[in-house]
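Okay, so subunit A shows up in both of these, paired with subunit B first and subunit C after.
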Partner chain A sequence: MSLDVNGTTIEVDENGYLLSLEDWSEEVAGKLAEDEEIEMNDQHWEIVNFLRDYYQEFQIAPAVKVLTKAIAKKNDIHKKEASVFLYELFPNGPGLQACKIAGLPKPTGCV
Partner chain B sequence: MEDIKGAGNSGDGQEMEDNKGKFLNPTPILDELEGGQWPSFITGFKELGERTEKPMIRGVLDQLEYSYKTKMGYWKGGMVTVKGYGAGIITRYSMIKDKFPEAKEFHTFRIQPAAGLHYSTKMLREVCDIWEKHGSGFMNMHGQSGNLQLIGIEQDKTQECFDELNQAGWDLGGAGATVRTAASCVGPARCEQACYDNLKVHEKVLKNYAGMTHRPEFNYKMKFKFSACPNDCANAIMRADVALIGTWRDSIQIEQENVKEWIDEYGEDALYEQVVNMCPTKAISHKVGTSTIEIENKDCVRCMHCLNVMPKALSPGKERGASLLMGGKNTLKVGVNIGSMMIPFMKLDTDEEIEEFIEQMDEIIDWWDDAGFDHERIGETIERVGMKQFLEAVGIKANIDMVVRPRDNPYYKKKYDSTAD
Partner chain C sequence: MSTNPPKIAELKAEYENAPSLLKGDSSAKEWLDIPVEFRDGNWCHAAKPEVIENLGFNNPRKWSPDDPDWQLEEGWQQIVLAGMKERLGQFRSFKLFMDICVRCGACSDKCHFFLGTGDPKNMPVVRAELLRSVYRHEFTWSGKLLKGLVGARPLTEEVLKEWFMYFHQCTECRRCSVFCPFGIDTAEVTLVGRELLNLAGANINWITKPVSDCSRTGNHLGIEPHTFKSVVESLVEDIEDQTGITVNPTFNRKGAEILFITPSGDVFGDPGIYTMMGYLMLFEHIGLDYTLSTYASEGGNFGYFTSNQTAKKLNAKMYHEAERLGVKWILGGECGHMWRVVHQYMDTMNGPADFMEEPVSPITGTKFRNATSTKMVHIAEFTADLIHQNKLKLDPRRNDHLKTTFHDSCNIARGMGMMEEPRYVLRNVCNSFNEMPEHTIREETFCCGSGSGLNTDEYMDIRMRGGFPRANAVKHVKDKFDVNALVAICAIDRASLPPLMNYWNPGVQVYGLHELVGNALVMDGEEERSEDLREDDMLEIETESPVQEDDA
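Up next is the complex of A and B:
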């Protein structure tokens, strides 16, 4: 499967996740978000950028627990509030949707 | 040796003949499961498949037949959710979808039952209709997970199916690293031994942790189970991270009149054999020729045996409440554990008392969320850091009535020897 962004063809897997992290750009992220019916704002970008930084450092997407705690710390809110906040931004789950928009591979397993 | 006719050979000419006009393909190996004296899930699968003519059911039967032939399972997990939920749907993709395209997806909805598994027939009819409309029509009631499980749906139908279920009053259960769907025994709704209203506590806990049930972000799963008396019909002590088991702190109530009735009906020998000698702590005494019994309550270990044998004559004390045991689980990082006694007795009659319990649990879960490793149940975290550290961290005072290990090996049940001293 592939994704068409401004005339450039980008390879994605059967669920629409980028096959190569290198193909990612803000335009690509915008297109991926559009497909997920998400209108990107600063808060969305903040999380997408956090995921990309984390992935580049550790070569793995953070566990939702780690993401939630990081967001709680950054915004100075309780982790329960951070969890609700994340799902408001990414209704189908930050694991699935935010990773997709950030160009990370699809999370596996039951979490 | 008997020839298993047609087994693993679905292309057989005779079978093609027998199968004429049927929707499902021949499944000779699976058919063997229909023999014997028990109901077979294969019979149910086949009936539903022929009636509804859903290709998904045909595909799953074909793949299962193939699984029995090759002695391999072909399902893999993944991630399927509905809007706002991170958990509640168990994903099943076929690993051999090219061979069995009809069995490509067969996901499972976990639906939360009401406390004590009480349903109205109307609700059950609704869930059946919705499920047959969007999914396969199969359900599973109830595994150890405590959920009503709806088995077999495709990913692109999950949202509309969930919306309809939700409109009818159902919600998804827990899966993955969440507070899981809780389980209770029938409690005071249908049982005279109930020592606290476990159904009410269950409901309050369920509502308090709804967010943590739907959004997986713990180290691993966290299970609550509520048994209203020490018979522990919800299997809480062995299976739940948090087991709330009903108990009493005064004396067993004795109706001597009913004791006499019991003795008149079954005889004095039966009283010795079934009650007095069966008491593990020898707390019950009876003088030959009389029609009463005495109980030394400080020796009672709440095994429930005498109360179960003489339910009319004996009942739990008047000062009733619950014990909190934590850390029960099956094999994971370390072996099987039975819950450790954390709070020997607490009252749970008023809303405030239940609220207090939930606040204590919030603190405990918060601690575990920070102190626990990935994929570590709370019992293992406690074992790793030490009970003392745990108690200090969550503010529970150590107490002589606390028992770390009620019984080391949960598979072991002592046979009490009635002739021993």
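Up next is the complex of A and C:
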């Protein structure tokens, strides 16, 4: 399976996740977001950039609990509010949608 | 492909309108003549080629189970049949289970996948027959001579597809085995079936990827050592925020008395991560001399869902790490299939672990004689003993916002026979515990529908059907006792029961046992708590707990 981004073919897996992290660009993210029916604004980008930075350091997407805490801290809000905020931005779950847009692979196992 | 399962109303209409064995309708066709049909939602994605290469398995390629051509290797039948022959020689149980079934049918309506789909090939007897038919054809005189007359058939691509479909519609839960008058363990038939599928290069990604990641990092999720440490440290911070207590876990510490190993889902997944907080709080409270390992960072063993060899390989790190760190014994967390491997295989696969001692609780002095050979103790036994010996201060009212029921994890109940200990702990940490009906619990427990490495999103259709008997039993206690908390001691349960509950019983949340222990545990010097570990409000506790008064 693949994505067409401005004439370039980008390979994705059956669930639509990028096969190679290096294929990621803002344009690719835009296209992935479009497929998820998400219109990216600054807040979305902030989350996506956080995920990419986290992945650079830790080689896996953050646990939802870790992500929620980080976003709460960043925006100086309660964790419950941060969770609502994340779900408003990514209605099908920040773990799935935001990670996909950020180009991260989907973790597999007892999750 | 769509990963959304049909709506409940659609399932109901399907059941009412189409003929089903569940209603006593029988098909005009023999099961052998019904071809396997791959449709959205009834198959798992194929293993990615790089995963298969990493594992050194046969025939890495890009393919999909719904492709008409599976791109099997030249001579794949010979490879599979040689594999079958080898296993018949190696495992007497397998040979016995191929020979002794009399097709009495006692198992036929005991399988959650049969009850959820009505598919005759999900009757355990027929599922095993998919393999027996080939066994007879190749390895028995009657089959060689009389062929179809004795239910024998050659191994064809169609047969392989059928194996792929139905050995992945068995969660190796062994409920059927409880009812077999011959003691046939159908899980072992599925285990061999999956080994043979692996030889043919017909593997699924949701199982092989964790096996590959675990081989590389020590855990299924592929959590690197620094990440593992960072997540646990984040939980330490959360515990401090909520209780004012600083817990002090250590990592890879040589000379610790005990090595604690739990599924990696507990340091990553929601809600397992709250169970992890519970463990950390408990260990701090009792002053346990323990260490976590960033290498033996997985209790689970998806190798067990792949082959005997991969199970052995992934299991080996437990003893390796215990020996390297010089611990006296191993304490194991809330996991399902890990305990079948530990309880029934580890000692002979990777033991004897003579470098360790017979486990003794450093807090109570209790000897865990049942773990004399494996040197590994289940956390529910360990905690039950602490409670029994009065070593914990517990305020069960802190779980009064929860009306609980308990899901026996298949591998804990049937794989190691542990029924009472988790119930004893649960009764002591909450005031409302309501059993699901007889025949759906303990050794007759119904599977979550997603065990044995099938908890992947694209399989949601089959998972929701297969999980129906379990969900239906939960519905019973939800309707009768307002149950809103399903407690389970398995990481696959904690991952797979939330979508099952959202589908069949919205409003029921899934909890780990030690999350509830963490809620109820009154730690020395802690701050007053009004929220549980997932930061949901507790019910107001009107009078000060007598335990807390003593403490103050």
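Just so it is clear, the second predicted complex is superposed on the first by the 107 of 111 C-alpha atoms of A that agree within 3 Å, B and C clash if a C-alpha of one lies under 4 Å from a C-alpha of the other, contacts with A are read in each partner's own complex, and residues count from 1 in each chain.
Operating definition for what follows: a residue touches a chain if its C-beta (ideal position, glycine included) is under 8 Å from a C-beta of that chain, and two chains touch if they have at least 3 such contacts.
Fair warning: this is a prediction, and the values are worked out from it, not measured in the lab.
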**Message:** Looking at A:Y87, would you say it contacts subunit B, subunit C, both, or neither? Reply first, second, both or neither.
**Reply:** first
**Request:** Check the residue A:E14 against both partner chains and state whether it touches subunit B (first), subunit C (second), both, or neither.
**Result:** second
**Item:** Doubly contacted residues of subunit A, that is, touched by subunit B and again by subunit C
**Value:** 63-65, 79-80, 95, 107-111
**subunit A residues within the subunit B interface of the complex** = 63-65, 68, 79-80, 83-84, 87, 91-96, 106-111
**Asked** Which bits of subunit C are touching subunit A when the two form their complex?
**Response** 1, 3, 45, 48, 64, 205-206, 209-210, 213, 219-224, 226-227, 230-231, 234-235, 238, 263-265, 267-270, 272-273, 300, 302, 335, 455-458, 491-492, 494-495, 535
**Asked** Which residues of subunit A touch subunit C in their complex?
**Response** 13-15, 58-60, 63-66, 69, 79-80, 95, 107-111
**Complete:** The answer for subunit B against subunit A in the complex is residues 77-79, 81-87, 90-91, 175-177, 211-212, 215-219, 369, 374
